[in-house]
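Once you've had a glance at the structure underneath, I'll fire off some questions.
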Amino acid sequence: MKSYRKELWFEAKSRRQIFNITHEIETCLHESGIREGLCLVNAMHITASVYINDAEPGLYSDYERWLERLAPEKPYDQYAHNGYEDNADAHLKRTIMGREVVVAVTDGKLDFGPWEQIHYYELDGKRKKRALVKIIGE
Amino acid sequence: MKSYRKELWFEAKSRRQIFNITHEIETCLHESGIREGLCLVNAMHITASVYINDAEPGLYSDYERWLERLAPEKPYDQYAHNGYEDNADAHLKRTIMGREVVVAVTDGKLDFGPWEQIHYYELDGKRKKRALVKIIGE
Amino acid sequence: MKSYRKELWFEAKSRRQIFNITHEIETCLHESGIREGLCLVNAMHITASVYINDAEPGLYSDYERWLERLAPEKPYDQYAHNGYEDNADAHLKRTIMGREVVVAVTDGKLDFGPWEQIHYYELDGKRKKRALVKIIGE
């Protein structure tokens, strides 16, 4: 069994930002030399998400509005977590979006349907944060 | 390390439909010959979900009503994604339900608790769509 | 390829309770002897969750209030699932929180960012229930 590990770094200019990281993950897979296996991609921070969906700007803005409705950022004092911090909403929004994805690796490629794209969703940005790529197989 | 791959096809008659696919996944596992490992099952489309929960008709209808409350289908023009399409709600509903499940394989069986059942949840149906089964182990 | 399996048992005193199980999972990983691979931790019951987020009491209480807003426990008769049971809300809350986590194993350790902690979230307690730990790798 082979294994491969890489950290991907992000620095969002704003509090929230969506990055399409599909191409970076394909590069990782190529570097790994793994042909059959599983590829895990997860946020290493608890106020960010890695998720799979369409790379479509309309959907990105729908996510923004929808998450704000389900877990509003403000008022900050509605959350017990916001004693020293103001990011409780980011913990909840990331819970909806999910921490990680697991993707099949087949014949040296990400085994995807037609519109699947991997995204890193920063929910509490303006600082350097990471996602982890771990691939196992052979 | 062995690996196994199979696509499962679905064609829902209505916009939304839940399929219990536990038996199909058990058949895949048997075909794979894998005794110890991990089994990934994921929707290959971004408006469908693979999830694990009870195979109970009351719960199925609760999911329908609950998802409609959290991410309503209509009015279609509430979503930026709905320029040429009308399925933005399906992207959001699938985000709640999740894209994939990873199940332990132990002694040649899906290593499940008493009520765990794998479902494919079609959220934008009336056409042919797929789920992917990938099993690795030995 | 090596594989390791263990069940972790819980008995929550109340209907809902959050357990930080990070240390137990680290112990499992040590017992497994696996240095590189993937670690799956999942609830074996469909009214409980295994999730990763901050081990912070304020956030725990935010989760409680937030999940109750998204999927209220009462009135019980709002859910079709609640014929003989009263736990439909637990099925829905667990859907938000997720069934499972997959964690990278690198150099014999859980490959975590600075604040990642694994939790078992009991959503329909007062009885004995289980989570499953499955580690594969070498």
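Every chain is named by a letter (A, B and C) in the order it is written, and numbering of its residues begins at 1.
Keep this in mind: a residue touches a chain if its C-beta (ideal position, glycine included) is under 8 Å from a C-beta of that chain, and two chains touch if they have at least 3 such contacts.
All of these numbers come straight from a predicted model, not from anything done at the bench.
Engineer: At the place where copies chain B and chain C touch, is the share of residue numbers found on both sides over half (same) or under half (different)?
Structural biologist: different
Engineer: Go ahead and align chain A to its copy chain C using Cα positions, then give the rotation in degrees, nearest 5.
Structural biologist: In short, 120 degrees.
Engineer: Per the centroid of Cα atoms for each chain, what is the distance between chain B and chain C, given in Å?
Structural biologist: 20
Engineer: Which positions in chain C are in touch with at least two other chains?
Structural biologist: Where chain C meets two or more other chains at a single residue, that happens at 1, 38, 70, 96, 98, 102, 136.
Engineer: Inside the complex, what are the residues of chain B that reach chain A?
Structural biologist: Contacts found on chain B: 1, 3, 5, 38, 40, 42-46, 70-71, 79-83, 88, 91-92, 94-96, 98-100, 102, 130, 132, 134, 136.
Engineer: Using the touch definition up top, name the residues of chain C that touch chain A in the complex.
Structural biologist: Spelled out, the residues of chain C in touch with chain A are 1, 36-38, 51-54, 56-59, 61-63, 66, 70, 96-98, 101-104, 106, 111-116, 136-138.
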